[in-house]
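Chain nomenclature is as follows: A, B, C and D, assigned in order of appearance, with residue numbering initiated at 1 for each chain independently.
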Amino acid sequence: MVGGGPGSWVGEPHRIAMRVDDRFELVAGCFSRDAAKSRELGERLRLDPDRVYDDWASMIAAESERADGVEAVSVVTLPDTHSAVASACLDAGLHVVCEKPLTTSLEDARRLERRARECGVVFAVTHNYSGYPMVRQAASLVREGALGEIRVVHVQHAQGFGARPAEREGDAHLAWQADPAVSTEASVLYDLGTHAHHLLRFVTGLEVAEVAAELETHVTGRPIFDDAHVLLRLSNGARGSLWASAVAAGEEHGLQIRAYGEHGSLVWRHEESHRLWFRPVDGPEQMFSPGRDGLSDSARAASRMGLGHAEGFHEAFANLYSEIADAIEGRGQDNRLFPTVHDGAAGVRFVEAAAASHSNGGAWTAVG
Amino acid sequence: MVGGGPGSWVGEPHRIAMRVDDRFELVAGCFSRDAAKSRELGERLRLDPDRVYDDWASMIAAESERADGVEAVSVVTLPDTHSAVASACLDAGLHVVCEKPLTTSLEDARRLERRARECGVVFAVTHNYSGYPMVRQAASLVREGALGEIRVVHVQHAQGFGARPAEREGDAHLAWQADPAVSTEASVLYDLGTHAHHLLRFVTGLEVAEVAAELETHVTGRPIFDDAHVLLRLSNGARGSLWASAVAAGEEHGLQIRAYGEHGSLVWRHEESHRLWFRPVDGPEQMFSPGRDGLSDSARAASRMGLGHAEGFHEAFANLYSEIADAIEGRGQDNRLFPTVHDGAAGVRFVEAAAASHSNGGAWTAVG
Amino acid sequence: MVGGGPGSWVGEPHRIAMRVDDRFELVAGCFSRDAAKSRELGERLRLDPDRVYDDWASMIAAESERADGVEAVSVVTLPDTHSAVASACLDAGLHVVCEKPLTTSLEDARRLERRARECGVVFAVTHNYSGYPMVRQAASLVREGALGEIRVVHVQHAQGFGARPAEREGDAHLAWQADPAVSTEASVLYDLGTHAHHLLRFVTGLEVAEVAAELETHVTGRPIFDDAHVLLRLSNGARGSLWASAVAAGEEHGLQIRAYGEHGSLVWRHEESHRLWFRPVDGPEQMFSPGRDGLSDSARAASRMGLGHAEGFHEAFANLYSEIADAIEGRGQDNRLFPTVHDGAAGVRFVEAAAASHSNGGAWTAVG
Amino acid sequence: MVGGGPGSWVGEPHRIAMRVDDRFELVAGCFSRDAAKSRELGERLRLDPDRVYDDWASMIAAESERADGVEAVSVVTLPDTHSAVASACLDAGLHVVCEKPLTTSLEDARRLERRARECGVVFAVTHNYSGYPMVRQAASLVREGALGEIRVVHVQHAQGFGARPAEREGDAHLAWQADPAVSTEASVLYDLGTHAHHLLRFVTGLEVAEVAAELETHVTGRPIFDDAHVLLRLSNGARGSLWASAVAAGEEHGLQIRAYGEHGSLVWRHEESHRLWFRPVDGPEQMFSPGRDGLSDSARAASRMGLGHAEGFHEAFANLYSEIADAIEGRGQDNRLFPTVHDGAAGVRFVEAAAASHSNGGAWTAVG
């Protein structure tokens, strides 16, 4: 693992997700740019001190030399270093599990896509919401034709963590998110928008073809956009919207999708992640949940327990890690639902098109 | 009453709303362009046959002559005749209760506003959702500052009645809604969008200043737009969106508002019209409902019964009629929450600006 | 109307319910034991002063003499006078719409049943919750066999109005409910329990055969029971419970039914009266609502408007009044779902059996 | 670990719960009475084959001899062997984590309580629902006096897994649950009722003092009771009910608590385990959720992630395992919320009293 040290929010869920199904063993890491902090966490995790590294380049070099070196690297650093770390892993022939956003520039995204293809390793990007059983059920319903042709899709990932200028009040997480050098001006789209974008693609199987965007900064003095409204034209002619916000005060997780087709619509909300609502035009509304009859194979496979035993964020995340393990072991070819470098790159293309639309007065802009 | 005859959907709720609080007595009508149908309904309603008229012009003329002539007229005809009937009522010095949309052209809307002002009569437009107790509570929360400055507002009125080309399958209601001569090309915005637009204004107290719109026809061959996505810039700098749709298959009523401010957000959905959720950033989510402690005076006044006795559409509608009765009697000056000709005209200006934006490639367009 | 004067809670909903469908005209009344109050309300209702009476016996006598005398009487007095007023109406050959509980003694209930049968008039008891479209859909699902044989039923009507000793703080409503001379010691079962009991019978079609009851007074010094827990053995061998409470602080209306059969279960709650949940063992949970496809005829007939337009308490109540009007006019024989004197009497038998069980240490007791 | 082999439902969640917070390492086991199955699982878990045992007595003996022997044993066998295995562990001075029910007889429960006290080891019983953050918030609200004196409590654990005679159709899980030799006649109370009973005690801090029970077998030919309705008298005079059922077709997990006090009530349902509703008599309903402001320390400590990231069954279970680890390490004395042998024994006493009440015609019976 690179990154994910003390103070990191995302390192711990990655580690828990690895452990849940016992498919990965964490044996080496460079958890922080501060070597002392990295060692502190290594010790807490009971790692061999020789395999806790002061910088990630050394780690990749040393582990590549070892007969028992790591097979895969989880990259959970800040967004601006994903590209460099992931590239080095690819050069060393290591499988990569990269946090989103894949990169913060189109050029980097394209290079990673190309290199990953050349190297033939597994390259996953943790748009982890695709690991939820009911998100998979949603995708299955669309594929089975339950909705018919899709006409309108609304997605959002809107949270309230940036409602106050907390980056100036010592909030370390917001500090780097509100730093354009780390997260770009379009931070809110890279941070949250790419999750909503992948959710749309995963569930509907459609691509975002064109965007018209309005970005805004609501908290005075913040050097990034903290709110983004994007109108969408999808690859099949459907219309829709994507809303990403850091100032949606009162929201909890604020991730949701609503898709409307000829024959009905579906709704999934992260706050009730174990529920999926399907609303046909010709009968009662239906609520799916793990363990009930009527689920697709992919939804059923994504749940460990039976009816009524909610699994949540960690388990959904673990589903990706388990599928990644299968992929590394060369199994499960027909069943790979985890997002890859190509999905990550699609997200970057979407954000850059939205930023360009906004700069151009909200004009409709093709996604590259 | 003009319009509202057999086959009309909206006539009956108007009549029930009048009766609920027993403030109006329906004594005359011209219910249909088909005189026989008009008389049939008049008989069913036990009206004096002399006061059931074959055309609305005769009705206004005759009633104006009678000592016991009507004081007010409910105009529930198709959209393209609202302007003419309402004008004639104003000329006769009669109070008007007009269905939405007020008119289908800016010019007519401006003329009605001017005439109503000159005549000094009561001119209400039945954006009836403002009659719900919890919508009033929402408006009160905003006015009290519970949300702080508002930053983002999303409204929608999205239904599925037009998911199929039912206008070609004998659906009379959809037939005139899909007829551009009656409802204009922007039909979905006039029919549904104006309700969402008034809800936004009523709850937040803000005006829509600029719009960027994408209109679409999803059902092949339909000569109107059946889906409209509009990005909003509000009068205080807030951002947001309005979605109006006739192809949102699976939705029930599909009217809702979500408003996000500095300190929290609120959510109201017509499907659970007796609930209002307030989500402060610094505590548990709160759910208001009629009869519970903690309601504003205006919310409390809008509910007839106590805790747990849901009142619905008719009672909310009746709230408007009762306030209109007060206004006609010259009472309740400080407490007039019912929408007027000016609110109706604001809706027309919004729709026309959105239609212009769409024609102009979605460019940001000021609301006239 | 007898009763329902100023200060009465139940008079106004009865009057609104009459007006909603315009099937009844209120032309005479004795609204209060205080003649001045009665006249005050008569005036407000614009009644002919000659037909506002000082006592109910005079009213029945005088109206019986008139050629245009009332056809039916709504009895909305306090529980202890229902029996006497209703008897007099029967003697005069008038149809009766009686508030619950029908009576507060077994003997009175039996006499009314017998007299009503002899007189051949319509005798309705306003267990008004059976007028909700989704309660009727619930009953239809059971009749269609969707649940299979029913095994367990839980009903409750639990409210919080008596959580404090408000009867000693000027609450007039609670004053008579907490007065054993008016409402009996088993007040909470007569007031609330009979509604839950009728809901169970209406939905499941089963009778309560035996009860084991635990009654309790939670507010010190209150001379009635304010909380009742009753275990049930139903006529088909099913088991269940009924909870009636006036001290369920925080509840809104607190009326609900859950019925479990071989193939699934259903849930209806008054707080979301426009929803019905059906949970089959072999598929997703289903939510029915007015206007959606898949409803029974009786459910469809109980709703005036389409999808998404919530109707509530008054409209459900109006459904009963409209059916009563049909019955008085001799129509709708096959379609009479309103509760009658026999349903009212069944409620009295249930309460008396529960009270007897409690007095006997909670022993299982047959319902008479 | 003893038990939890292939086919066991409960072994895997125990193992995941151990791993989530990385506080336990599973190093030895006797997973099945079938030695081959035990070894198969040991191999899959990558255990040292020398530490996978053919019978539990050998395991306890051998591990006690090893310098690196196990410190604690998870007992996840069938109910009838909990007592023997746990006793042997105590004799060997090992800490015990025992599945519920603790035992299936009063005598065994008493002996285990006594032995555990003498041995001074940690003895946890996995009534795991007490590990949910919102269950802890519920307990905190009661302790803080938010409800005032509690008057009524309803708990249930009702599921539908036994709606059909699946034990005769090859359902191995139901086979032993429906076998009176393994699970006693009161199986449904031991299996499900004890969870509801502990939930009541954990949240309210009250004990069940007296019970009146009605047990029933709904599936013909089943030699155990599959449905139990129990009226409760609590230690402070409150009243209530407990419903445990295996025939509640359509329920998901069916575990819930509703507690009503002088000032309001709270509701927690396992299906929405990340929510807690508090309904004060004097204001809007409040919904608590992990990560929101306003939580107690114990609730906050029970959640790993922030707002909107649902944690579920495994994480709640892991909370217990982590606290057990603290206890084994002698830390966290002030903060031990996990259920112990005494809580397990309280459950046994409750079930035995309910069974006695039923045998005695439902008479009120003191809990031993």
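Annotations for the structure displayed:
The definition used in the following text is that a residue touches a chain if its C-beta (ideal position, glycine included) is under 8 Å from a C-beta of that chain, and two chains touch if they have at least 3 such contacts.
A quick note: this is a predicted structure, and the numbers were derived from the prediction, not measured.
Across the two interfaces under comparison, C-D and A-D, the one joined by more C-beta contacts turns out to be C-D. With chains reduced to the mean position of their C-alpha atoms, the one farthest from subunit C is A. Measuring from the averaged C-alpha position of subunit A to that of subunit C gives a distance of 54 Å. Subunit A and subunit D, compared by their mean Cα positions, are separated by 35 Å.
In this assembly, the C-alpha centroid of subunit C lies 42 Å from the C-alpha centroid of subunit D.
Among the residues of subunit B, those touching two or more other chains are numbered 251, 278, 281, 285, 289, 292. On subunit A, the positions that touch subunit B within their shared complex are 147, 151-152, 154, 158, 160, 163-164, 212, 214, 216, 218, 227, 229, 231, 233, 239-241, 243, 245, 247-251, 260-266, 278-281, 285, 361-364. Listing the residues of subunit A that touch subunit D in their complex gives 9, 12-13, 15-16, 19-22, 45, 159, 251-255, 270-274, 289, 291-292, 304-315.
Across the complex, subunit C is touched by residues 278, 281-289, 292-294 of subunit A.
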